[in-house]
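Across the two complexes that follow, chain A remains constant while its partner is chain B and subsequently chain C.
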Partner chain A sequence: MCQVDAEYNDKLDARSPPSGCFRDYFVHKFRAMLGKNRLIFPGEKVLLAVSGGSSSCSMLAQVQQGLSKDAPKKLRFFPGIVHVDEGGVTGQSAEERRRTVAQLESIFRATGFRFYIVPLEEVFCLPGHVLGASCAPPPGSQGDYKAAVDRFIQSTRVGGGSAPSRQGQEEDSSVREAQNLLCQLDTEDPPSGTLTVDPQLTGALQKLFNSVKSLTAKDDLLLTLRQHLVVHTARTQGYSMVMMGDSCSRLAVKLLSNICQGRGASLATDTGFCDCRYGDVGIVRPMRDYSSKEIAFYNRMFGVPSLFIPGLDTKSPDKASIQRLAESFVTRLQADFPSTVSTIYRTSEKLQTAGGSRSADAEPTAKCLLCLCALDTRQAEASAFHATLVSEKLSQKRTPESCPADRPPDGQSCASAGGRCCSSRSPTPTDLKSLLCYSCRLTVQDMTATEFLPPYIVSEAERRMRRSQMEEEIAEFLLPEDDTEEVA
Partner chain B sequence: MTWCNLSFNFQVNLIMAIQVVSKATLGSCWSNIRLFSAYRLQFVQAESSAMPVLCSHCEEKRAILKRPKTGHSLCKECFFWAFEEEVHQTIISACLFNPGETVGIGASGGKDSTVLAHVLKVLNERYEYGLKLLLLSVDEGITGYRDDSLETVKRNQQQYELPLKIVSYEELYGWTMDAIVKQVGLKNNCTFCGVFRRQALDRGAMMLKVDKICTGHNADDVAETVLMNVLRGDIARLCRCTAISTSSEGEGMIPRCKPLKYAYEKEIVLYAYFKKLDYFSTECVYSPNAYRGHARAFLKDLEAVRPSAIMDVIHSGENLSVREDVRMPVQGTCSRCGYISSQALCKSCVLLEGLNRGLPRLGIGKHHRLHGKILAQESLTQEEQRKLKTADF
Partner chain C sequence: MAASIALRLEFGGGAELLFDGVREHQVTLPSQSEPWDMKQLLVWIKGNLLKERPELFVQGETVRPGILVLINEADWELMGALTYQLQDQDNVVFISTLHGG
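Take a look at the complex of A and B:
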């Protein structure tokens, strides 16, 4: 019995027509999520990160429906789609990759949005400034929503707009302009995304992933690289927001596996609704209220097309990696205690990033090189990190201070010359560790050699090391920053 | 020539050869021969003793164990030293003790509390903490488990020459755990035991006029607690559970600390094993259905995937921060017994009331609204009684 309508409407019965109540509830949740956290302004360009799985395809369908002409209270942003093809890492052949891409293209073309299919090999062509966190204030910070929207629309107005007038007229004209742009989008032909991959880059990618020993670290690295690529695509194509399709179940598993990897300080950014670590590009997760079951039902009943693409840990046993372990644990527990996933989700809602909003304008060196979260490796006395270092020290002969053998002897002299000749030497794991947060350190520790890292990471690491060396040299002449709260 | 007359190495080689031959008849002979030679190389190396694994600390003696925490191979003396040093560093960096204090060690007779008692005694002498140590034990009244472990504690008392005090649930509350389980059932009984034990420990400590209590919670326990609090959604406990010592704001509340917080359970067992310490190791008979068992199984699997995961979980727990607008419980005192509580009645009073009235589910689940009625000694309505009586087994 449908509990809303009080009529017989078995939503589990695929033969009967789809129940209206479930559809309304599903759509309402999506709109409510976007409306409650008013982070997406009208006329903004939003990039949808679609992996092809059920959750992200459902998100795509929701956005499509929300933008359709007959939707009540239409959504008012301009979507684009990005898909990262990871076939090079998962060992798919070129033929299989082309087939998958063709299927995805047909799905994307049906939506009419502009789409970009980017192979993961492109990480080797990324510029170094991807990792330099821009100092733009995080979207959705305090302030009047309406005023923020006005500011945004002003900034995006092209050429000489209408003369500044009263509030109401301004809004009208901006809304009209947004609608014009929207119409333009519909009629424009999306570019065809044929996948051309340089086999050399594929080989480099495979070498990188083969240098990582454990599946946990591989998964972590893949996630990082994928995110960097998506953010870079968003930046270059002019998108200011990225929408990820993580569902509630997926986020509960992510929370648990992040805790197990030592990412307690950044749990809120990793699993919260809005992820502002990249500054100018914000990441939102509108599907975080949906359990994977609901999404599966919706997709089945309303014919949302999706694709299964094998990932790194497909068909791997339960104990292969921390992520797989967490997933099987949560799923098993959910069977006995049905409130597990929602409880974990509620716990994640109550957390915040350590340090609060001030981390947005912190110096770039205080952020992790790979995950761009605030560093949590201050060696506070009486902390687990301190205890780990003590154990390491006590278990070895007392020579950890001496330089490791892999550092070339002329490395010291290069540092003082501004580091120009250091560019030929790739940073050793010890150098990288000082730039990484606790869990990224564990990932890099798992790598047998860091020379296979993509050039943008290496160059950014070197830049930061040079900068910190410069700072050390002039430390005595720098006046301390004011500790009191300063308006940015 | 019997089998026993052959040398060990020869025996092994013979077994391998037989395996190779039997496998060869099925196929893939070449890979088996390679496998066989690899095994043989290993045994030849061990036999020649030209390259035994040396302790990575002193690099003189042969290593006899591999540390679960860091993976380094250590000899016995270096391991003892490293373990004790780590506990010492924990105590010093967290400023757990002050000279001249009386410290009560919560002793259950299990490995954690036995090792804790031993290590504290050693460190107290070695580094001259100036502490007066004594053992405090709680008798929950679980036959087949607690009475055996109490014998171990009594033996410990003689071995370490420390004074001992035993408090029992029977004398404090009038109920033993066996009687409680008969009323409550096999689910949720750990709640009763844990709540009562905490108060019992405090009461015993107050009787002995102790300044601090220390318990043998190890790294695995703390990590399990973090995971359990995430799974249960208990945000208040999540913030507090990684603290190494409890805050002591209320007067009369004795702070308690966990000196073994960063010691892995496996290392504690290794320490106890090599030091030949006497301890009692059996699971509580009522524990299989505890929720904590799930978290424990998960943690054990985690440790198998990545040994540092236990410290990683603790690190995550320490670096969590909660949003300011989340409502947190405020510490007050119980109106009936004066113990610390965030509600009008402390949990043990509520549980006890439930047991005494024959309503076992009174303490389980939400019961804030009934506190007023309990305090006023009113009887509960029929509806409320019916809900609280049903205990699922």
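Take a look at the complex of A and C:
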């Protein structure tokens, strides 16, 4: 699909459309996106989050092509693939899930990269520290990046065969690189097609999602759980970066629906190129410059395999959820005004988090429990947020049970770090609210019962509540931070 | 009198869900006095092939925004979109770009 050519030719030769320059343009955009934001250092391990859809499979194909031997200026990182199987939530039968997984496996095996297929039910086995964002190593400056690249090139050129000819050197370096890659390849077989999922966990997952009333909240929860699972996989398998396949159109829709859900404060992290909220694992979005149309054309013309996996909102009407509404709004507007998506995209590029580095060092308690963005709910009296709280209070009938009088007995408050508290009740929505940002509060509020939440969320919530209680108790004994006097 | 036309229709990207999961269809359009064009094809598909939820595929006279149409591997907008006159053995592909990512 080369529109330039069509403009100059009156009759488009429909049987063999010119595709060379489109391919170059597509590949170049990917490389340029990675090269412009010098975040992926050579030799780094990067996990590709592939949902099986057209955008993420296209990303996979780009990475595969960029790492192939005959690519000019090869990419220099080591990829792995992760896929989260959400069949338990979307109501697919075990047979359908196995079939989908088998198809995906054949696609992944063809790439030769290590892959992990993780069922969403594994959120019930996650440890609590997934939500504790560890401090990130500071992102390298430009000088560091260049130095790292030089070092990498040196290390691949060092070795025997000091043949003066350039050809000899190139051969050596390619052999050495192949050896490097071989060392990275795992010799053990990845697990085969039979995805054994504990039916009890599937039942628990379904109970969790059935307790959420609206599709908006379900979508939000699914996204959060999926992201936690991907980050956890990256951490345990030693990957320092995760690549997501969000396309430009998808990010434009996400931007609008996030604003509608009250996530305006974290727009930059949610839609920007790099998402550093998890500290040690960075999330990048290299496909954010491609519209979904370009991706569909590329996949069609160059035979990129992709799957269609039904999601939560498949076949749902336009007004079923905020996300669906935003999507239909943007797509319809785009049909009449083709610059819609790119305008929204350019606007999102200009968004930056105020005081970005500061938020990375902030106390874990100042981050939202679910989405790990900075808590935006400690606002002054004269803010819009406070007004929403007041109107909420006034419009609800206050019953005696809703008073927050059910705190655990103070005498037994366990101050030991990580010690199990004696209270075995799960946190009520009221308790969780103080730990969540505005939009996550809305999601949790939509749940009829919070006891179905996965254990890692509950345990992390309890830990933070205990910690804040402890801080309250010893607050008067702590020296204020701006106190510069030395204690004798 | 235009002769009947044989076409190959393909549905991808999730659009096949509305057609019982069948991605490829070999169809023969009956002969009629005027040549077949895309507008008429859409009406024909809606009447004969579409199994459920027509509003997810067709909107008014044209396809729903977000569904890409390729005629012989080229964007249908280059060929005239709805006014393109179908020829025998044409290959028409409908790819939904709304799902997946």
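Following the convention adopted for this analysis, the second predicted complex is superposed on the first by the 377 of 488 C-alpha atoms of A that agree within 3 Å, B and C clash if a C-alpha of one lies under 4 Å from a C-alpha of the other, contacts with A are read in each partner's own complex, and residues count from 1 in each chain.
Following the convention adopted for this analysis, a residue touches a chain if its C-beta (ideal position, glycine included) is under 8 Å from a C-beta of that chain, and two chains touch if they have at least 3 such contacts.
As the structure is a computational prediction, the values presented were derived from the model and not from experiment.
S.K.: With both complexes superposed on chain A, which partner does A:T233 reach: first (chain B), second (chain C), both or neither?
M.R.: It touches nothing on chain B or chain C.
S.K.: Taking the superposition as given, does A:F385 touch the first partner, chain B, the second, chain C, both, or neither?
M.R.: first
S.K.: Of the two partner chains, chain B (first) and chain C (second), which one does A:S54 touch, if any: first, second, both, or neither?
M.R.: Second partner only.
S.K.: Just checking: does A:Q64 make contact with chain B only, chain C only, both, or neither of them? Give me first, second, both or neither.
M.R.: neither
S.K.: In the superposed arrangement, does A:R263 touch chain B (first), chain C (second), both or neither?
M.R.: It touches chain B, and chain C stays clear.
S.K.: First (chain B), second (chain C), both or neither: which does A:T347 touch?
M.R.: First partner only.
S.K.: Give the label of whichever partner, chain B or chain C, reaches more residues of chain A.
M.R.: B
S.K.: Is A:T271 contacted by the first partner chain B, the second partner chain C, both or neither?
M.R.: neither
S.K.: Considering the complex alone, what residue numbers of chain A touch chain C?
M.R.: For chain A paired with chain C, touching residues are 1, 3, 6, 12, 14-15, 17, 51-56, 245-247, 249-250, 292-293, 295-297, 300-301, 306, 308-311, 314-315, 327-328, 331-332, 334-335.
S.K.: Applying the document's contact rule, which stretches of chain B touch chain A when the two form their complex?
M.R.: 56-59, 67, 69-70, 72, 74, 81-82, 85-86, 89-90, 93-94, 226-227, 230-233, 235, 238, 244, 262, 294, 298, 301-302, 304-306, 308-309, 311-324, 326
S.K.: Considering only the defined contacts, which chain A positions touch chain B in the complex?
M.R.: 214, 216, 255-256, 258-265, 267, 318-322, 325, 329, 333, 340, 343-344, 346-347, 350-355, 376, 381-388, 390-392, 394-397, 438-439, 442
S.K.: Quick check on the complex: what are the chain C residues that touch chain A?
M.R.: Listed in rising order, the residues are 12-14, 16-17, 53, 56, 65-66, 68, 70-75, 78-79, 93, 95, 97-101.
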